[in-house]
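What follows is a set of structures to go through.
Shared between the two complexes below is chain A, which has chain B as its partner in the first and chain C in the second.
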Partner chain A sequence: MASSPTAVISIGSKAPIKKASGPLRLVLTRLGFLVSALFIVVTLSFFLVSVTPGDPAQLIAGPMATAEQITQIRADLGLDEPILTRYVDYLGGLVQGDLGNSYFSKRPIVDELVEKLPATLELVLLSVLFATVVGVAAGAVGAYFKGRLPDKVSRFVTGVFQAIPDFFLGLILIYVVFFLLGLAPAPSGRVGLVETGPGRVTGSYLIDSLLAGDFALFVSAAHHLMLPVLTLGLVYAAYFAKTARSTIGKALNSQQAQFARAMGLPERTVVRYAFAESRTTIVTYAGVIFASLLGGEAIVERVFAWNGIGTWSLQGITKLDLPVVQGMVLVAGAITLIVYTLLDIIVGLLDPRISHA
Partner chain B sequence: MSDELVLDVRNLAVTIDTPDGVVNPVRGIDLQVHRGEIVGIMGESGCGKSTTVKGILRLLGPNSHVTADTINLVGKADLAHASKKVMESIRGRHIGFVAQNPFGSLNPIYSIERQFYEVQKAHKTGAKKAESREIALSMLKGVGIVAPERVLSGYAHQLSGGMAQRVVIALATTLGPELLFADEPTTGLDATVQAQILDLISGLVRTENRSMVLVTHDLGVIAQYCQRAVVMYQGEIVESGDVMQVMVNPQHEYTKKLIGSVPKAEGRLNVAR
Partner chain C sequence: MKVMRQHTGATVGVSFIVLLLLASLFAPLPYDPKATEGGASLQAPSGAHWFGTDGAGADVFSRVIDAARIDLSLALAGTVLSLVLGVVLGLAASTKGKGSERLVRGLDAFQAFPLLILALALVTLSGNKLYMVVVAIALINIPRYMRLLRSEVLSLRESRFVEAAMAMGASPRRITFRHLLPNVWGVVLVQTSLTIANAIVVIAALSFLGVGVSAPTPSWGGMIRAGAGNMSSGEWWIASFPGLIVLLCVLAFNQLADAIGDTTARSHR
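For the complex of A and B:
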């Protein structure tokens, strides 16, 4: 052999150090970002809701109230104070973990969140999981059989579900699966009307009912989750299918796939390579959809009488219930940023090309 | 070079179904490769030289069809009529393939070590991970990589272009194929690295008495490394023969033009003056 390499390459010299401290440093910088971002968001929404026309006191008092009553309510809520004083008060409470009380239910926001957030998390988490599995499977089939019958079927079904608004699909599912077929329970929330939820441990009815050993309640909870999860899951599966079809399709036709085939690797290995190459895109997509669904699925919660933060915040906004809106903004913002930080860590672990420098 | 045939292709044609109808990018190709021989396929881009090579390996997309009277990989199989399973066992094991742009060839997600192991697994060589690592180490040394351990545990993006192509060559030859297809193996690499890679790959072929089909548009490369040259034009072979004969005394009009189009230092100086 005539050649002799002249340069010694220096690979991997930085990699091990990066791997050890990368995620930790990322979390710390994101934490700082989280606090300042939440501060800005909370401030913005505080003033925005405060200057919105309409008087919560009047809404609470009702149409028959006298002017004195309204004044009294305003004084009780502290609404007669100047806006800056209220803002400083609010921030002061916030620092101590006090998000204030709802104007209407009078209950602490923290209590309401603890009660309602798990319902939404359970629903959204399962929906995104369902959407990922079903969507990626449909997309992979489409990519592999590109242009042929399975692809055409997959694309048609995907197109249909993408075109249906989620709440409308919910109504159709209620009509067909509950009313006509009787396969699902009535849309009465997380459990039946006469049932009560399990003792609270994690807030997830599925987990808590199992922990309590109440198997009948577990089945009921799972049964009640079926339609809302199907509703959100099918609509978002369509989006996943579209993304998966294009990314997996691209990976299957890449030069890398061609070289793998040229090395004699069997087709299933080539498909596995393609999955590996598209998994970062799909995981990112799942994270983004998860974050946007938190509260973004409010209408579907309404349709299924789901007592989660979507319904809660929707009511808060229509009633100008400032502490509720603020609580929602805080929680949704915090969870979104946490999810994105987790995403960055996961994607970094899945793809060696990405470093958190 | 001997008279022993390694590959005998007769009347190869490729058809591709497109939405606008059927296209025939390659027609009536006859190609013989002997043991120890390096055959160069030259021609302008789009003339079908890559398609020919990929057609023989059946690496073209699902919309394309390869037909031939025979694609005889002597002593192994007739690839014109081989099943998918047989093709998978031939590729990598009996015919190696090196493409241009090594970063496109290597898997970006898996370590280099893992990619060597996948090859062992695919061909059921029975090599365990440790054994596969040993083989990979010696292959990497064989292609002139100085720190093979480091390369092995690293990823494609950490390599330079020349290093990456060396890794690709090591992968492609790891099971000792008798025949190597190199499809523009140095396109996109630095000029100095190009020569190193071509020296390396032709050296590997010569020392082991293997054969190679080298696809390139670079006539200088053909003249320097190949014994026989095949000239393709618009999907057909217009001329083939001993490389010196083709270069010095081209018969076909296209070959004459092709060789005439090579810029000469002399001519440039005249223009400058």
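For the complex of A and C:
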């Protein structure tokens, strides 16, 4: 890095400014991309939702409404303005942290998001954790016993779980684990129907119930998390296993692994080295799964009556609550892009072989 | 024949799909798939109703077979649209240069969309038009084709035979259609098989959420939706059989993709 080119650019005044180099430059270019990508996401979501044929005002008013009523609703929602004006308004509000109000509840989108996001994050984070542990384990077994029985079994199970729609797996688990075995509570959301959540500190029921010292509620919350986490975890563990198998397999076949074996190092150590070599891929993939789960898990939230942003946005869509849809797309898109950017930076800084040019 | 023996999974899968299609088009069904019979609701699978009956008393077996027609044709339509537009746009984007670089960045940003939410929003906003389901599938899958083609074509452009063709004075059009395109068909076919599988799941997810194919017409997702509540009260067959068919279809097309991948990869060497 010492010999990196120090390009000199001048801005306005004649004072030359050195272009940042190395890690700082990596961070800056990635942040630059983040901002422009977010802008693209916002713009695309706004126009895609706005130019689709179909009139929210008419659907909200219902089939019996008169033309005046529809015009009135359209004016109330600001839908009578030209699309470019609305777009500029939306961007203007966005810069000030205002995502508009819900057409139905009339509450600010930001408030609703803050209220519902923790439930989704709790579910998604635990699912990613589960998928990573199970997926890497299954992938490692497959890679180590390549072509033999454990590999065949692991690949068969992985193939089935990759093909099963997550919402269907959720229903199967409800039937088997709740109805037949009685090991899980009914799919009633984050806690039982007669229970109420803990006082809000972080928004995570697991953490908040412990902070409140309510151990019974903690157990109930954990119990209610079991099936949704299992559903998402199993489906995404299957994707993870496929990647882990090829990555760890490559590491186990590498020259350094052969050398380690030739040196007479115990197998345990060789496997540990293979894991160390695969860690950037594993971290990256966990991030990718986290990102695709946001928004991707909405349908599973619906199956388990989970009161997160997934259920919220699905309800918003059926009621044609456009600001809700745009808010959801924006938040899921923003978190995804931020995670990708962080991953890029972390992996780039961890791995000296990746050049930042 | 040799190919079929080497890829048992794909052979079984394709036979299953063909059988399913033929049955849905020509086979006489034991019951009218849309007929309901109040007295015969929620019956467990038996000799009279192989897959049982649903809450309205309709025969689950007849409905599952009948649904293949609309579900599979929508999936195919979405795939064809994705394939055609994806390949054309992908080839157009496969040049080295600032413009195509930016386009890829745009595709990256598009990947950040919660795609199912977007698909659902488009179909709902259009007033539940079926062609919008096809458009939504294309919207999800076109970027995948574009990325794939771009990475394949960019690496092929470096190869000797393209260099040789250029040295011979072949026009860019000739190079694209005579030299590049024939060499990417393998990966495009694999992607197409995966796209059909993805489309089947997207359609099922949309009908599960209540948009796309709507109520009296049988669809697998709609049937799973109808039987979802029954899963926690023990009537497992209403949602399980259509779910199982979706699972088998996806498995079949995934196996087919693997087999195509293996075969084309081998013929390259």
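Operating definition for what follows: the second predicted complex is superposed on the first by the 318 of 357 C-alpha atoms of A that agree within 3 Å, B and C clash if a C-alpha of one lies under 4 Å from a C-alpha of the other, contacts with A are read in each partner's own complex, and residues count from 1 in each chain.
Convention: contacts are C-beta pairs under 8 Å (C-beta built on N, C-alpha and C of every residue); 3 or more make two chains touch, one makes a residue touch a chain.
Keep in mind the model is a prediction, meaning the values are calculated, not measured.
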Which superposed partner A:Ser105 touches (first chain B, second chain C, both, neither): neither
Contacts of A:Thr284 with chain B and chain C, given as first, second, both or neither: neither
Chain B versus chain C as contact partner of A:Ser254, first or second or both or neither: first
Partner chain(s) touched by A:Ala262 [first = chain B, second = chain C, both, neither]: first
Of chain B and chain C, the chain that contacts the larger number of chain A residues: C
Chain B versus chain C as contact partner of A:Phe179, first or second or both or neither: second
Chain B versus chain C as contact partner of A:Asn307, first or second or both or neither: neither
Footprint overlap on chain A, comparing chain B with chain C: none
Touching residues on chain C, where the partner in the complex is chain A: 105-106, 108-118, 120-122, 124-127, 132, 197, 201, 204-205, 208-211, 224, 227-228, 231-234, 236, 239-240, 243, 246-247, 250-251, 254-255
Parts of chain B lying in touch with chain A, wherever the complex brings them together: 54, 57, 59, 61-63, 84, 88-93, 96-97, 99, 101, 104-111, 118-119, 122-123, 142, 144-147, 150-151, 153-155, 157-160, 162-163, 166, 168, 171-172, 196-197, 199-200, 203-204, 207
Residues of chain A defined as touching chain B within the complex: 1-5, 7-9, 11-12, 15, 146-147, 253-256, 258-267, 269, 273, 276-277, 350-353
Parts of chain A lying in touch with chain C, wherever the complex brings them together: 33, 36-38, 40-41, 44-45, 48-49, 52-54, 56, 59, 159-160, 162-165, 167-168, 171-172, 174-175, 178-179, 186-187, 291, 294-296, 298-299, 302-303, 313-314, 317-318, 320, 325, 328-329, 332-333, 336-337, 340
